[in-house]
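Structure provided below as structure tokens; questions to follow.
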Amino acid sequence: MSDLAALVVQQSLNGVYLGCLYVMVALGLTLIYGVLNQINFAHADFVTVGAFTAFFTATRLATKVLGLPDAAGYLLSIFAAFGIGALLGLAVNAAVFAPLRERGDELRPLIATIGVSVLLENAQLALFGPIPYQFDSPFARETIRVGRIFFSAQSVLVVAVSAVAIGALYAFLRFTFLGKALRAVAQDRETAGLMGINPGLLIGLTIVIASALAGMAGALLGPVLVLSPFAGASVIVKAFAIVIIGGFGNLQGTIIAGIFVGIIEAFTVQYLGSGLIDLVVFVLLLAMLVIRPTGLIAERKEENV
Amino acid sequence: MRRAAYLFGAAAIVALLPWLITTPYWRGILILCAMNVLLALSLNLVMGYTGQLNLGQSAFFAIGAYASTILVKTYGWNFWLASLAAIGGAGFLGLALAAFAVRLRGHYLAIASLGFAVITYQVLVNWERVTEGVRGIYGILPPVRNAVALFYLIAAIALIVYFVLDNLVRSPIGDTLRAIREDEVSAASLGVNGAIWKAFAFGVGAAIAGLAGCFYPGFVGTLVPDAFNIVESFTMMAMVIVGGMGTMIGPVIGAIVLTFLPELLRGFGELRLMIYGAALTLVVLFMPGGIVQAWSTLRARSR
Amino acid sequence: MNFAIHLALGCAMLLASFAASAQAQVVRIGVAMPISGPGSYFGVQDKEGIELALEQFKGGINGYKLQVQYEDSACSPLQATNTVKRLLDQFQPHIVIGEECSDASLAIAPILNDAKIVQLNVGSVTMKLTESGYKYTFRIFPNAEQQSLPLAKVAYNTLKARTAVILHEKTNAGNDNAEGFKKPFEAMGGKVLATIDFGRDVNDFTAIATRIASLGKVDVLPTFALEGQQVRLSQALAQAKVVKGGGGNGVQMGSIWLPFGYDQKAGQAAVGYVRIVQFDPTEKRKVVQDFIKAYQAKYGADKTPTHINAHAYDAILLIAEAVRRGAKDSESIREQFSKFKDVEVTTGRITFDQKGQNSDLSVVHFVETQQDLSWKGMSWQ
């Protein structure tokens, strides 16, 4: 394999791995947007909470209390983070989204989620302190080499878990009754309500699923991130960009956009410089908005006059 | 007539403030507050009256600050000329953003503005030859050295801007903007060219934000890109919403409250920001129309 | 008549002197540190060091008690400026310890100098702080040149490195340190293949490591970033087989930014890491060992203090020493500081030069991370 070819393959793999990480974070965001037309600014903090949950589960609970081997402990922590994320989503929905839903305004929930984000971040700061925790999953320590290409077992795990999660989500939305009801609510809340679906309940469910996904993303990201209360903030802006490039509420679009952004990032680092990553991604975003405002995979949306 | 009375009253209070608040620290906060009032007013024009979700106002604030500072420091321009140029620049970029986003609606526009803000921030960080990037620019002097004089200057400008905007929203232009806010499609059917008026609102809003930006570096003395990250946009938005969006006095109140609140909470040390976050959430949850609406509801109830 | 006036004057003066002496029994120390936001990484550790030192001087020195007030400057010039003004108004400190981040330190320097209050800096790297002619600013933290020059010299002369890739965080401190390495290294004949900077929000360094691997033979990789990012960076570099810890040839080099215990966090990837350290917990000096014992007694036997704890602790030690030598207000503190010669603290000995920078780096030494992740002191210089 020539030098250049090896380099391109390696950076592409790096990009896919990065992209999957971003997609995990972006999935929840796009779900919430699709059903609620809401942007949840506290999403980043849900990811951070998930990461801390996973950390404490893997390093304290699983190994010390339950005596599990490292690998099993880490896998357990992913589930734990998923669960805690769901609970957090439930709480925030009950406290913030549900009460504001009736008023029909889009901006106030946004500001409310900013307030929640500040609160969560500083609560974690008070609880855990600002010094980064060392979260090393046993998978991150294993490097797999194929010729001159390398990747860690963690990246394989991330891609695998993402694929499973996305597959499960897709199947849920497509084939189950609840899933179809959710799509109905996303399309037209009023009519769905008239059809006997309880929009409030379904919206709550969406938020719970989205937050659970965020928590899980945190568990997968934990061994990659610098784990401190500010960890989520480092990925959230790109996650937003991905949601937009992929098309708000569009699942397939988000996935493709996420991988795409990951690859762009890897190649920007290679040829331009890591300081320029955000710049490139957002210029791309603006270009996207000009060329295809509805996102990569257009969904037909009708405007009611 | 009543409006004139209110305006004189406000001017009188403003004139009195530096004599009631005499320590350099609190006078500094007053100056900051005046700048925030300008920023909140600028954003309110775009969001409150024209109904456009603008997440990138911090970019225009930054452009005002950097353009004026660079012109003064690197090219030796006079502060006032430099500020005029910076304001023009910011306004022009506001127009450009609006023109770019003319086809976009609702959240797409919001995201375009967010993207614009991030790109502006990245340019400030990376274009080191011109902006010094993260190293920062130091030793920046305000146009007037005396803190009280500086406050009067900015507050006077804020009052003038308020007066002008107030007249604007009461005029037929205001009606046009409101029509666009309520229902752009219907407004179009009445012959309103949404694109031009959105651009107008964006441009004016950007120019005012740029104006506030001209005074910022002199006040702090130091200019770094981090002062203009995305969080600032959201703080501005919070000021508008907490105060009461779509009213003229709302943003002013919001700016005052959200400037003083973090400072007043300093006594709480490590709990400061947690309380701030909780307060913000609670206000938004329980006061739908912001402080202005809560106040008028209270008054209505007490009758 | 005359007598009455004299008596009245005499009483007044007596009362005044009582009031004055009652007030003057305290030396007020303002602390402007980042307590919120990501900068709290420093602020929390600074506070630990300061609180520990204050305990030791509880009884006062020469009849003077040390009184501290903390304000949150959040690493931002705006907040730093506001909090220093607040301190000056409400607390009237005789000396201010601050800040950690270079931008904020530079922002408050003119204010403190104008007010003729001593600024004692324990964490900023920027050359500008002591090159701008501030008479009241003193710094015990090594500046960028003091940190990077020895690295460049050892890289070229001892490690025989001819190519380097500089990695640094995109901040004032990172930039200055990187420049401080690049200039002398290139002047000596070395070649810098790339200077790669990254924001504090970058987490995954695989792409960067891949890029470095594609640059060819890299002898040294001087890195200037905080421990959280450095751990990930080292691991990525090892994975890409760029550094010794991963089976490659490159030697990672670093500065005093990394705390003791870093190697345990980074694991095998840190083997072969060469860096300079100032605060070394394995040092036998009494002042260091006493500090560690006190720290562990207060904060837990399983924790080792970091250089951030140590520098903050030293700040109080220096102020106490100045008071012991007769200082009681800002002017006298400044005078004592400028006369300091070989004053011993945990991070070495302090002698302030004419610009206010500590010029005594006798304690700074090189260490190399061994296979068992312990430090081995090297006698290079």
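Each chain carries a letter (A, B and C) given by its place in the written order, and its residues are counted from 1.
Here is the rule we go by: contacts are C-beta pairs under 8 Å (C-beta built on N, C-alpha and C of every residue); 3 or more make two chains touch, one makes a residue touch a chain.
What you see is a predicted model; the values in this text were computed from it and never measured.
A.B. asks: Farthest chain from subunit A, comparing Cα centres?
C.D. replies: C
A.B. asks: Comparing B-C against A-B, which pair counts more contacting C-beta pairs?
C.D. replies: The greater number of contacts lies at A-B.
A.B. asks: Express in whole angstrom the distance between the two chain centres, defined as the mean CA positions of subunit B and subunit C.
C.D. replies: The computed centroid separation for subunit B versus subunit C comes out at 37 Å.
A.B. asks: With chain centres defined as C-alpha means, what is the inter-centre distance between subunit A and subunit B in Å?
C.D. replies: Roughly 32 Å, centre to centre.
A.B. asks: Please set out, as single numbers or ranges, the residues of subunit A touching at least two other chains.
C.D. replies: 122, 125, 275, 278
A.B. asks: Where in subunit C do residues touch two or more of the other chains?
C.D. replies: Residues 36, 170.
A.B. asks: Which residues does subunit B have that touch at least 2 chains other than itself?
C.D. replies: 125, 270, 273
A.B. asks: Okay, in this complex, where on subunit A does subunit B touch?
C.D. replies: 33, 37, 39, 41, 95-96, 99-100, 103, 105-112, 114-123, 125-126, 237, 240-241, 244, 248, 275-276, 278-279, 282-283, 285-286, 289-290, 293, 303, 305
A.B. asks: For subunit C, which residues are in contact with subunit B within the complex?
C.D. replies: 35-36, 70-72, 76-78, 81-83, 85-86, 88-90, 103, 106-107, 110-111, 128, 170-172, 175
A.B. asks: Looking at the complex, which residues from subunit C come into contact with subunit A?
C.D. replies: Going through subunit C, the ones touching subunit A are 36-38, 40-41, 43-45, 170, 196-199, 201-204, 206-208, 210-211, 214, 227-229, 231-232, 235, 239-241, 265, 267.
A.B. asks: Flag every residue of subunit A that touches subunit C in the complex, lowest number first.
C.D. replies: Against subunit C, the touching part of subunit A is residues 3, 7, 10-11, 14-15, 17-18, 21, 122, 125, 129-132, 134, 136, 140-141, 143, 150, 152, 221, 224-228, 230-231, 233-235, 265-266, 269-270, 273-275, 277-278.
A.B. asks: In their shared complex, at which residues does subunit B touch subunit A?
C.D. replies: 47, 53, 100-101, 103-104, 107-108, 111-112, 114-116, 118-119, 122-123, 125-126, 185-186, 230, 234, 237-238, 241-242, 245, 270-271, 273-274, 276-285, 288
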